[in-house]
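Okay, structure first, notes after.
Every chain is named by a letter (A, B, C and D) in the order it is written, and numbering of its residues begins at 1.
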Amino acid sequence: MALGVIAGVTVITFTLSQVVPSDPARLYAGARARPEQVAAIRQQLGLDESIVRQFQKYAGRLLRGDLGESFRTRRPIVEDLKVFLPATLELVLLSTIVALVGGISIGVLAAADHGKAFDTLGRLVTISGVSIPAFWLAILFQLLFFSSLGWLPAGGRIGRDVLLEAPIHVRTGFHLVDAALQGNWFAWRDALRHLVLPTAVLATYPVALVARMTRAAMLEVLTEPYITAAEAAGLPRRTILFRLALKNALIPTLTVLGLSFAYSRTGAVLIELVFSWPGLGKYVTDAIVRTDFPVIVGVTLVVTVIYVSINLVIDLVQLVLDPRIELK
Amino acid sequence: MSGELLRVTGLEVDFETPFGLSRALRGVSFAVESGEVFGLVGESGCGKTLTGRTILGLVPPNAHVRGSVSLHGRNLEELSPKRRREVRGRQLGMIFQNPGQALNPVFTVGQQMAAIVRHHRSLRGRELRARTRTLLHEVGLPNPGEIINAYPHHLSGGMQQRVMIGMALASEPELLIADEPTTALDVTIQAQILSLLTTLSERHRVAVLLITHDMGVVAATCKRVAVLYAGRVVEEGPVTTVFSQPYHPYTRGLLASLPEPEKRSQDLPVILGSVPSGLEALPGCAFAPRCDSALPACKDTAPPEVRFEPSHRTECHLYDSEGR
Amino acid sequence: MMTPAGFAQRLFGSLVRDPVKTGGTVWFFRRDRIAVTSLVALTVICASALFAPFLTRHPNQGRGEPNIVERFQAPSQSHPFGTDQLGRDVYARVLFGGRSSLLSAFAVVILAAGFGTVMGAVAGFIGGWLDEAIMRATDIFLAFPPLLLAITIATVLEPGLKNTVLAISVTWWPWYARIVRGLTLTLRERHFVKAAQVMGVSRPTIIRRHVLPNILAPVLVQGTLDLGSAILTVSGLNFLGLGVRPPTADWGTMISEGRLFVQSGVWWVATFPGLAIFVSSLAFNLLGDGIQVAADPRTRRLS
Amino acid sequence: MLMHIRGLTVSYPAVGGWLGGRRRSVTVLEDLDLELAEGETLGVVGESGSGKTTLANALLGLVPVERGEVSFQGADLLRLRAKMVRRVTREIQIVFQNPYSALNPRLRVFDAVAEPLRAHREAAPTEIDEHVPHLLREVGLTPEFLDRHPHELSGGQAQRVVLARALALNPKLLVLDEPTAALDISVQAQILNLLRRLQREHGLAYLFISHDLSVVQHLSDRIAVMYLGQVVESGPAEEIFGHPQHPYTIELLEAVPTLHPERRTSQDTLPATVPSPAYPPTGCRVHPRCPLVEERCRREQPALATFQNREARCHLLTEAG
C-alpha cells in the first residue's frame, strides 16, 4: 500500500519534471551556452531518449538513493539534504512535541469545561490559531521579541560568537543533541534560544488543530453510553476524563497528528524563510527563486516518503490502541 | 423484604429548548422497597429513562430538577456533587439498553471491571483479579478467565449484558437501575437476562428498578409496577392487580392494544391521538384528550390520587377518593 | 494552514447525519453571536474589496502606481496604514489586495469542491475498478505535502494567479472526493434509496432526487470552512512570489515585500495586510464553525 | 400460488484468516423453500442472524442471489431480463422498520408518495395530484399532510406515509420488515389494524418479518421459523403457536414474556447463545442449544420433512413420523 503510493508519487514527480516549460538542458548549460553545447548536455542528461526509457532511468536512480544534481550548484542533491534535513527535523520534531502536549491538554480541558468560559476561550484561541498566517506571525514575533524587547535572536540557527568561540561538532546534525553530547552548554543554550521563536510559530497551527480535534473527539466520546456507565459506577471525573475517555478520543485524533506533522514540515518552508533557518525550506525557496527543478522535485519526493512512513507508523500505533481494528 | 429503599416524590425535570421550556417530568412519584423488582413502564417520550437518570443524578446541564429522590429517607438532591457521586457509586448501579455501546470498546472486560472494583474496594493485583472473576462467575459467564482478556466486541450481546450486570454489582449496590436491559436482545437471550436479574435480586437482596416499554417483561419479572404517561405516574401497584384490573384508562387502553392469542384476527382496540409533547401546557389530566371516558373536569383540573388497596393507586377523575 | 483547516470537521462533522429541523438550526445560529459577527465582518470585507476604488483617495496607488516622494511614511491622518517602499498608500493596497486574495480563495474552493464532488460521486456510485482507481489517486495526492506539491506545480506552470489557484486545487480535491464518496456510500445503504430502487425509480432520478441534495449541503458547509484555509494557502504561495505578479496588490505579496523593512523599524507595510489575512480567515473559520455547531444535532442536544 | 421460493441461497463474501489470506463466504440463507398464496400472510420469525432480513432483500433484488428460484405469478424473478423485472417487481413492495430512514428527509409527503407513480409513468400529473390524496386517505391520513416533511410526522404517521407509497403501484405482495418494531405500543396496534384492513380491501399478500412473536401471531396465516439461514419449522399459524413440534420453536415460544406468566408451562431457557452464521455448527444447526440433542444431530443435517400440516427439520420428528 505505502509502496504503491510512493510509486504513484514518483510517477507524478517525474511527470512534473517532464512538463517543465523551459528546457532543462538549456538551464543546465547556462544562458550563454552555444546550441551544440546544449545538445551535448541534452544527450549527456539522456533527454533525447524516449519518455519510458527516461522514466526507467529516473526510477533506477531513485532506487539507488540518487536524487540527481542541482541545476545551479551541480552538487548532488543528496549531499545537500544531509546538511539541510537535520536542521528542519530538529525544528519539526520539537514543534510536534509542543503541538501534541499543548494541543491534547487544551482539547481535554476544553471538553471537560464544555459550554463554559474555558471552552469558549479555547474555541476562539484555537480558531485564531488555524486562521493566522504563520509567516506573518513569524514577522510579528521578530518585531516583538527581537526588535522591541531584544530577548531572542531574529533568525539563524546559531549565534556568530558560538561559531567563533565554541563551535558544535556535527554528529547527528541536531544542534541540541550534538552540543549536549559534547558538553558544550554555552552552545546548547544559544541553539535553544534560536529555536524558541521558529518552534513557537511552527507549533501554532498544529496546537490549534490538535486541540480542536481532541476537543471534538472528547465531546463525542463523552456522550457515549460507556461514559455514562462509568459515571453511574461513581468513578471520579478525573479518572473518566484522563484514564478512560482520552484513550477513545486519541484514536481519531492520531490521524490528525500525522497531518499536523505533515503541516509542520511544509509550514517550515515559509517559516524557515523568515527566520533564515538553514533547513529544507530555505533550500527549496532558494531553488524556487532560481527555478532549480531537480531540487524542488527531489525535496518533494524525500518529504513525501517521510510523510508516508510517518503515516504508516501512525497506522501501526492505531492498531495497537484500537482493538477493534483487526489486521486486514 | 423489608422497608422502603427509594422514594421519588414530585420529581419534575424541565429542559430549555429553542421552542421554550419543555417539561419532561411533571411530578413523578413512586417508591421501591428493598430487594424487590419494580417495573417502570411507559411509551417512548414518557420520561422513563430520564427518571432513571435523575435518580442517579446524571441529568444534562441544561435540565432543571425539582422534587426529591430519597434513599433510605435521605434526600439525594440535597447532597453535594461529590457525595452524590459516592452514593451513586456505592448504593446504586445501572445497566443499559445497548450493552455493546455501554462497554468501552478500547479496554478489555477485565480492565473495565478492575477500574470499578479498584475504586470501590481498593483491591490490588491478585485480589483484584479474583474479585473480577467472582463477579463474572456470578453473572453466569462460564469462563471468566477468557472473558477477562476479551474486548467487548468479541462478546455476544447477551454476554455483554452479563458483563454490564457484573460491573453494576461490583459495588454491591442496594438498587440496580436497569434501563430497557433486554430491548436490544433476542427473545431467548432476553429470557436468560431477565431470569438472571431476578435470581441476583433474590440472592443479593438487590432491588431492581426495571425500566421498560414491554408489558410482558414487567409481567414476567416484576412484583410491583408504575405506569408513566407524559412525565407522571398514572397508576402504581402490584403487577398482578394492575394488569388484571387496571383502573386508569391509559393503562387499560395500553393493555388492550397488545396483540394476544385470543385477539387473533380481530382489530385491536387502539388509543387514538399521540403523546403530548413537553411543550404543551396540561392543566388537567394529561391523558384527557385521548381518553374515551373523559369527564368535563378532566380537561382543566388535575386528577386526584385515588387509592384502592394500600398499594394500588391511580390518578383519575373517574374514581372518587374512597376508591370505587 | 496548508492542510485545510476544516480537517477536524472532516472526521467529525455532522456530514453524514440527517438534515435537522431547519428552524432549530437557524435559531442556534442566530444565538451564536460570534458566528453572526463573522458573517457581518465577511460581508464588510468582501464589499470593501469589491468597492475598493470608492473607498480610498488613492485608487491608482492601490492598483500599483508608484509615488516615490512619500516612501515609508508612518501611519497618519492622510495614510491611515502608512506608505510602502514605493510610497504607495498601504490602506489602498490592502483594499485592492483583497480582490486577488478573496477571489483566488473562492476559486480554489469552487474548483476543488467541484472536481472532488464529481470524482467522489462517480467513485461511490459506479464503484468497481473506477472507484478503486479514483481512491488510489486520492491516496497518492494526499501523500504529497500539500504546500510543497503546490509549490512544485506552481513553479513548473510558471508563477501566476491562475496557476497558483490550480496548484492548490490539485492538492485539495482528494479531500472532497473522499467526503462525497463516503456520503454516497452511506446514502446508497439508506432505506429511502433502497425503497426507491424497489419502486423502480431509475438510477439517474435516484441520484438527482435522493443523493445529490443530501450531499450538497455538507459539501457547502465544508466549503465555507475551507475558505479560511484557502486564503492562508493562497497568501502563502504569494508570499513566496509564486502568485500575483507585481505591481498588482496582494496581501501575501505585500507581506513578503514589507518583511524586508521590518527590522529597520518600518512595521506597518507587513503588519496591515497580515491583519487582513488573519481577520478574513478567522471570519470564515468562525462562520463555518458556527454553521457546523448549529447543524450538528449532538452539540445541541437539549431535550 | 402467488410466490414460490425454491432452494434460495445467499452468501456474502467475508475476509477471514490472518492478514486476509483466506477468502471465505458466509451463507446467510441456505436452500430456503417457501410458498405464499394470494391474499395470505406468511409470518417469518427468527432471532438475529437467522437471515430474515436477507430474505426480504433477496426477494426485492437488493442483494445478489447465489442460486435458487423465485417464481412470482409464474415468472422467475431471478432470471428475468432487466426490463421485465421492472414490470413484475412493481407488484412487490417493501415497508421497512424505521419509517424515518425510509423517507428522504428532503421530500414532502406528496413527492414521496408520488414517486413510484412518476417512476412508472403511471399517471398524468393531474391524475397524480388526485391520486396521492386518495392514497393518503387510504392509510388514514388527511390531505393536510401533503406538504409536510418527514420530521414533522410522528412515527405512526410516517409509517402510514410509507404504506401509502408502497400501495401506489397496486402491488400484490408487501414485504413487511419489522414494520412496527420502531413504534410505540399504542401506535403499533393502529398500524396492525391498518395492515389488516388494507389486506382485506386490496387482496394483498404479506411476507411479515418480525422478531416479535405476538405481533406475527396476530397477523399471520402461516408461519415460518428460521434459524441460521434455514427454515426449521413452518405451517399454519395456529398449529405452530398452539402445538409447536420443533425443539427450537418450542424454546422460542417459551422465551416470549406474556402478560400471563401463570400460563407458562416451564421456566427453562435456552442455554447457549446463537452461533455466528460465519461458523455454523455441523449437523443440525440447532443442536448446540437443543435440550433433546442426540449423537446423530451432531453429525447429520436433518432434511425438511413434511408432516400432516407442517414442515420441520429435525431427526427426532422424522423418526417419530
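Criterion: contacts are C-beta pairs under 8 Å (C-beta built on N, C-alpha and C of every residue); 3 or more make two chains touch, one makes a residue touch a chain.
All values derive from a computational prediction rather than experimental measurement.
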Seminar exercise, completed: When A-C and A-B are ranked by contacting C-beta pairs, first place goes to A-C
Seminar exercise, completed: Taking mean C-alpha coords per chain and comparing to the overall C-alpha mean, nearest is chain C
Problem set entry | For chain A paired with chain B, centre-to-centre distance based on mean C-alpha positions, whole Å | 54
Seminar exercise, completed: Separation of the C-alpha centres, chain B versus chain C, in whole Å, is 50
For this session: Between chain A and chain C, tell me the centre distance in angstrom, where each centre is the average of that chain's C-alpha atoms.
Result: 22
Exercise. What residues in chain C touch two or more of the other chains?
Worked result: 301
Problem set entry | Two or more partner chains touched - positions in chain A | none
For this session: Among the residues of chain D, pick out those that touch two or more other chains and give their numbers.
Result: none
Exercise. Can you list the residues on chain D that touch chain B in the complex?
Worked result: 47-48, 154, 156, 184-190, 192-193, 196-197, 211, 213-215, 217-219, 237, 241, 251-252, 254-261, 267, 269-270, 273-274
Exercise. Any idea which chain B residues touch chain D in the complex?
Worked result: 43-44, 156, 158-159, 186-192, 194-195, 213-217, 219-221, 243, 253-255, 257-261, 263-264, 267-271, 274-275
For this session: Over in the complex, which chain A residues touch chain C? Could you list them?
Result: 4-6, 8-9, 12-13, 16-17, 19-21, 123-124, 127-128, 130-136, 139-140, 142-143, 146-147, 154, 205, 209, 212-213, 216-217, 219-220, 223, 252, 255-256, 259-260, 262-263, 265-267, 269-270, 273-274, 284-285, 288-289, 291, 293, 296-297, 299-300, 303-304, 307-308, 311
Exercise. How about chain C: which of its residues touch chain A in the complex?
Worked result: 1-3, 5, 7-9, 11-12, 34, 136-137, 139-140, 143-149, 151-153, 155-158, 228-229, 232, 235-236, 239-242, 252, 255, 258-259, 262-263, 265, 267, 270-271, 274, 277-278, 281-282, 284-286, 289, 298-299, 301
Exercise. Which of the residues in chain B end up touching chain A in this complex?
Worked result: 56, 58, 61, 85-90, 92-94, 96, 98, 101-108, 115-116, 119-120, 151, 153, 164, 167-168, 170-171, 177
